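The same subunit A turns up in both complexes below, where it pairs with subunit B and then with subunit C.
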Partner chain A sequence: MRKLKGRVMKQQNKIACDILNEIFNVSIGKAADMLSQILHKTIRLRVPNVILLSGKERLSRKNKDSSLKLPDGTLMVSTISFSDALEGKANLVFPADKMHDFIYLCTGEQPVSFPNQSDFTDIDFDIINEIGNIVLNSIIGEMGNSLGITLSYSLPEVQIYNQSIDFSHDIESEECKSVLMLSVSFTIEQTEIKGTIFIDLTSASSEELFHLLSRIEGEFFG
Partner chain B sequence: MDNNYFAVMDNLNQGILILNANYKITYANMMFSKIVKTESPDLLDRSILAVLPGFNTNYLRNAFSAALHKNYHFFFSAVLHQEIIPGKAKFNIRISNLSDVGEPYLLLEFQDVTSEYERIAQLKSNIKQLCLLNHELIDKEKQIQRLAYYDTLTGIANRTLFYELAKKMAQTSKRKDEMFCLMFIDIDRFKCINDTYGHEVGDQVLKCAANIFTNSVRKSDIVARYGGDEFLILLPDIKKEENCKIVISKIKSAKTKTVTCHGHEIPLSFSIGVSFYPKDGSNIDQLIVTADHSMYRVKNQSRKNTPEDSWPVADWQTEKDCLNKGPHELQT
Partner chain C sequence: MMKFLLIDDSAFSRKISANYIRKYFPDASIEFASDGEMGIQKFDQTHPDYVIADLLMPKVSGKDMISILKKKNFHNIIVLSADVQKGIRQEIEAMGITAFINKPLSDETMQVLYAKIKGTRYEAAK
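Here is the complex of A and B:
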């Protein structure tokens, strides 16, 4: 009986992730369009897959399961909080060492080689702040639109996380029990940069999200 | 709004603008007036797109709409949106919804980041200069290392580097029970060349000799200038003593074995003494002494066989002849 329940849960999660993947790919397309206009460059954004992490599945740098492994090295994280119908945080995460190339692609200005790869200027932070803002607004906003709910958003903030300040602790705080993990691929002109979006939800919001998704699923299958 | 609020807003160090749903200005603080160089009363009820035409782009109009109707907050950085506000000053812009006050309004905040940008530009310039200095220092360090370990005239290893490498080679050969060969080479009649044609030509002869030796050995072999017109070659991991003949043969058959001076071609010839580890010595100094002695025997033999007035024609002897004279005495 427990096995059957587990299988049903897995199937439900898969359908939920498929629906979310559709929603996120529409929203990420809008973000790409806006970024292309801002940067006057062709930008393509893709969300190849969505994974729902919950219960014992933990994110860590040491996780043997590669799908749950955080990238090595310093991370640059752009975050917005959202509340009202759903409550949580959305984080766009990039390996910091890739961000100098990313910023160069955005500005066209030759980067200065800092002694430390994780050193950034305020201007660099502003760029990541803006891009994170556009991507996360689109992702969360489209989710709200598709689910027919109203959300309030905060302004974004950018932080650097290294080995000593562990990002996984931040996104798996006590009140946030479920995490949606989205792989995201940025292609600016010919260069591809891969990042990850983590949407951490409170337990209540996670349940509410599944409830809303099952409604969509019901409408879809009649 | 209460007059006190207006006073506070006017004292803020950032431009504040409130727009209604039609994007018309309903409030502008003192700082914003300064930014657009227009008095506040003259801004009221004007469209933001008329006051700052830089906002009139598709994506910014979409951002206004999304902020107004979907509660999105937007951040636009000065570096990516320099065209919004004309002039040299740089502003980060934040757009949010003021839905708490009843009717929907948009709040625009303009944060002056000009001085930060200037500081960062200065910092970048300093870093670039430091990087250049650092490269220069690295180059100097390499140059010092070259001076310490390489012969400045010929570019090959000097005596110091030779000893360091030779000691390591001896240790490796001992551990692996391998044989290696040491050649002691002297340029024949070098003093005479120097006295006749001058030191400049003598230097050319040394460079030419170094080139010949370097081109005659394997990559793993070591060619060094021992001092004056004396050179050393180390041939590691050789299986038979006869194998060194290949190198000698290459030195002998080198195509560019002449130095030209004022229309004269000066042919070069070398006397070579050879010793083998471990047979002729258990350390480098012993091997050098043995090879040096055998080289002198070759040279003396050669002088006896060559009339003094035949100089500068080279006095070649075949490897076979040389090997017949003694086990390790060769002349090319």
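Here is the complex of A and C:
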């Protein structure tokens, strides 16, 4: 009986991921279009790979599954919290050393030279904050539109984590939370920037998300 | 001369938006504010023809600022937001604003805005 329940859960999770994958494909495409308008450059994007994990699954799989590993080194993390119909936090995570190239693409101005690749000016932070805001709003907002819900946002913020382990510790501090992971890759001219989007959800919101997704599934598959 | 007041907490976003406003309204003057509270102060000081404002801002949010401006009987408000949610757009549009535009400003959206402000169809040759 437990095995059967587990199989049904797995199947539900697969369908949920399939629907989310489609929703995020659309929203990442829109985010790329927005970035393209800012940079006046064509942006190629790689289709995101969506993984939905409970807090416990994330902890147990993180050392075995390479797709769950964060890039090594310093990370730049842009975060926006959301509440109302769903409650959680969306994090856009990129390796900090790539962000200097990205900021240069945004401003067209040679970046200030720092001895350390993880040093940034206030202007750099402002740019990443605004880009993060636009990308995360597109992803979370389009998810809300597809699910027929409205969310409220906090002010976006950007933080530097000196080691990926610090960020992992930060997002894993509450075991009960579920997480949606999207691997994204933007290629702007010759520069490829690989990142990960973590959408942390409270347990109640995770259940609500499944409920909303099953409603969509019902509408499409009867 | 047309006067704009551009309110956004991101300096980067203010720069992008100001460049587009200057491109389409070369004779216009632009005042800047970095949050809703400063926006209201600048509004009282400069009496702009149009306010272009973000929604998600510190101190006083864009939505609260719109309510305050509406109470001052000012309606020429253009919202420029990263928020793509239909529910939010409907809620803000119901407050009686001129336009709700998603970030970033682009030639496409500026042409729509230009036509709204001028009350005419945009001429592609501009």
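Structural remarks
One rule holds for everything that comes next: the second predicted complex is superposed on the first by the 204 of 222 C-alpha atoms of A that agree within 3 Å, B and C clash if a C-alpha of one lies under 4 Å from a C-alpha of the other, contacts with A are read in each partner's own complex, and residues count from 1 in each chain.
By our rule, contacts are C-beta pairs under 8 Å (C-beta built on N, C-alpha and C of every residue); 3 or more make two chains touch, one makes a residue touch a chain.
As the structure is a computational prediction, the values presented were derived from the model and not from experiment.
Look at subunit A after the overlay: subunit B and subunit C clash there.
Annotation for subunit A, partner touching more residues between subunit B and subunit C: B.
Of the two partner chains placed by the overlay, only subunit B lies in contact with A:Thr121; subunit C stays clear of it.
Legend: residue contacts after superposition of the two complexes on their common chain; A:Gly195 is shown touching neither subunit B nor subunit C.
In the superposed pair of complexes, A:Tyr153 makes contact with subunit B and with subunit C alike. Touching of subunit A by both subunit B and subunit C, each in its own complex, is seen for residues 34, 37-38, 106, 123, 126-127, 129-130, 133-134, 137, 141, 144-145, 150-151, 153, 155-156. The touching residues of subunit A, counted against subunit B in their complex, run 34, 37-39, 80, 106-107, 112-114, 121-123, 126-127, 129-130, 133-134, 137, 141, 144-145, 150-156. Of all the residues in subunit C, the ones that touch subunit A in their complex are 9-13, 16, 56-58, 82-88, 102-104, 106.
Per the touch definition, subunit B reaches subunit A in the complex via residues 57-59, 62, 66, 70-81, 92, 94, 96, 113, 116-117, 120, 123-124, 127-128, 131. Listing the residues of subunit A that touch subunit C in their complex gives 30, 34, 37-38, 106, 123, 126-127, 129-130, 133-134, 137-138, 141-142, 144-145, 149-151, 153, 155-156.
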